[in-house]
């Protein structure tokens, strides 16, 4: 069995609205190994959630359109070519997703127990009774007290954190090989955030599944993800293992994101940086580098041509023209260390 | 306990409402120029006329009549009809009620069923020719008054084709007999229901289909059919369930026109005649009873709401 | 691995960042009403509905003049004539020109419907606004009154009131308006209460926006759209009710001309002189259809969530 679980190749997704075609995801490729946690980081509107929904085949087409040439290989099979039957096994059975807003993501008129059972009954030959017992176990596992009583309750009777635990229980129910967590903690208090992340981490260690963690918050990612992909305006601008991304960011956007994370060791003396401007309008994406309009180090070429992908050591890559200069520029904080010197 | 207080409060308001309706009806009728007997006594000698007035209590001062009528209402005695000799409100309702009820039930059963099916079709096949057909059909049906449908159906299927009787209603086996009389009135009345329920359910289903929990359901691997049956339908039926009792209430008065076109001897026809003739006891009685049904139905709506939507509890009493 | 390109000094020249205004938003901003208007204009159904209403309005205003035939005096020699070159819609049982009568009737029916809808909006707004504004005990008492009025079966009330005030136009207006405002009032109260609690109105109050500004910038845009929809969707109901009351013999008496009066006069002669029923009915249905279509289109256009 290969190490590779998921391979996203040249994924491009557009939305067709009144104003024109919005290119949400523009040729994105990445891979996820078995048992690995990959974090996809970026601002709102950069295409992370669309990518996640595409992997689950949850996009409504139309208005969305998955462009020709896109491929999502799951265990070597193309998810985008799954027929109904295969898709029914895949969703919920082999891959599961957790959404940001658990209240909206749970059916208000169905008991929590039934919502968990639905998944179990669909993917296994359990009886209703066995499924309900399993649902109680699952609720206990995700840390919900008095699960026997709670299964009979409705989502509105749960608190925010508890609802997200229910969502997790639904996702875990059939022991999927891949879990996509789409901003699972964004709507929660900080203390609860940590609990939820721990829960996902523990389950992953136990089950050996892969996790794609989608977030806009680099702080959440630090101690859970092995590798990080940074997205901007529908493209991947930098990728690498989390150590190199955190300690040695190569792309000005990643650097700016990191400067925006509050740090405990600086004891409130740090001035939090913000990134000026807003992400580009994806109806007419800028010609050159998507970040050029907000980049501190923007050069003429950046507004003309798309930057090349510059490989660094250990799979660390960044798309930036700065590394094509004759020598490193003095005012940029980026080292050229590790750049493959193959010219 | 909270629930009990809630019910008691609602009951009180319902009784108060009925009281106000009865009072308003009484004084409205009293304020109308002329009275039920004026046409009849025109050519009678004064002595007979006075006796007639005395018989129905119409010679008393208005407040005394009001008190008498209201105490009568409390005891369930609405008084005798002035224009229909020997009839009481009870006898009229016992006789005419089933006729109107059958018409109403048939219309609603047919109309709501077809309407809901069309609504589901339009929502599931959104953006296809089926959707546009349903939308076009329902807007056409809504834009034509049902009395026009009644006249058209009567002209074409009874007048020209002679498939069905032009007017009338089964006299025996009130509930199941003589279906040929009921076909056209039922059809004429059901179009409105078809249109409004198709539109309502479609809008509601599309709304539900955009909710995040539908994505969750799809992410569990459920097929489109299962998602629609288990998740979309139940949630999108909430507005339907709350609309249903109102339709029942509306259909009590809504059939007036159809009864008039097909000369169906139902409550509506009698009510209109009684109002026109100022037959105070009959109008009072029917108004109070119909209002009571209507109010009870509105109350039922609120209870139904709490059953279909677990987020609403009776104690809260608020949406 | 392809050889990496080295940038020329021209290519590597730093860009003056003031060249792009970082906070600039590429698309022009459009106001709520502009957006609604654009969406309405793009909707072919809305255009069709407005065209239908325009044509109706034209004929209602000028139809009798164009027809130029006598529609008031009885002409026994012209009884029940089928449509021809002079009498485009034929004549009625008294030999009067139906073409003119239909438009005169539509004039009255639409006017009655518009006035009733207007009364409904004004009374509903005032009542609902008062409930939301005063709140507390006033709100509770007014709400109880509203609950009672709203549970009157409206057709019964209309019939009774028609009896009392008489079968004339003012009577009809009163009869149809007595319970009509309840729904609007309840909707207004709910909307205003919700707006008052909403964070953006509180934020506006916080930064010291004047009440006038809050009303014009926040409360009005959010309620006017509801009211427009209310107006548009209640007009067909009034047109229907007017016609149906005449049909039951409880509507306007036939010394005035309305669509309802024409329809009830025509119904008896459906088998022999069908045009006497068909023309007024078709005009009624077209008017109602136009309002329904416009209402639907407005609903889509005024919903800011469909903003793209």
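To keep things simple, chains are lettered A, B and C as they appear, and every chain counts its residues starting from 1.
In the analysis below, contacts are C-beta pairs under 8 Å (C-beta built on N, C-alpha and C of every residue); 3 or more make two chains touch, one makes a residue touch a chain.
None of these values were measured; they are calculated from a predicted model.
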Least step count from subunit A to subunit B, where 1 means the two chains touch: 1
From subunit B, the most remote chain by mean C-alpha position: A
Of B-C and A-C, whichever chain pair has more C-beta contact pairs: B-C
Chain occupying the middle, per Cα centroid: C
Geometric centre distance via CA averages, subunit B-subunit A, whole Å: 55
For subunit B paired with subunit C, centre-to-centre distance based on mean C-alpha positions, whole Å: 25
Interchain centroid distance [CA atoms averaged], subunit A/subunit C, Å: 48
Subunit A - residues contacting subunit B, complex: 53, 56, 58, 84, 87-93, 96-97, 99, 101, 104-110, 115, 118-119, 122-123, 154, 156, 167, 170
List of subunit C residues in touch with subunit A within their complex: 1, 3-7, 10-15, 17, 20, 22-23, 25-27, 42, 308
Subunit A - residues contacting subunit C, complex: 17-19, 276-278, 280-281, 283-284, 292-294, 296-304, 308, 310-311, 321, 323-326, 340, 342-343
Touching residues on subunit B, where the partner in the complex is subunit A: 211-213, 215-223, 226, 230-231, 234-235, 238, 308-311
Residue ranges of subunit B in contact with subunit C within the complex: 13-14, 16-17, 20-21, 25, 28-29, 31-32, 139-140, 142-145, 147-148, 151, 155, 159, 249, 252-254, 256-257, 260-261, 271-272, 275-276, 278, 283, 287, 290-291, 294-295, 298
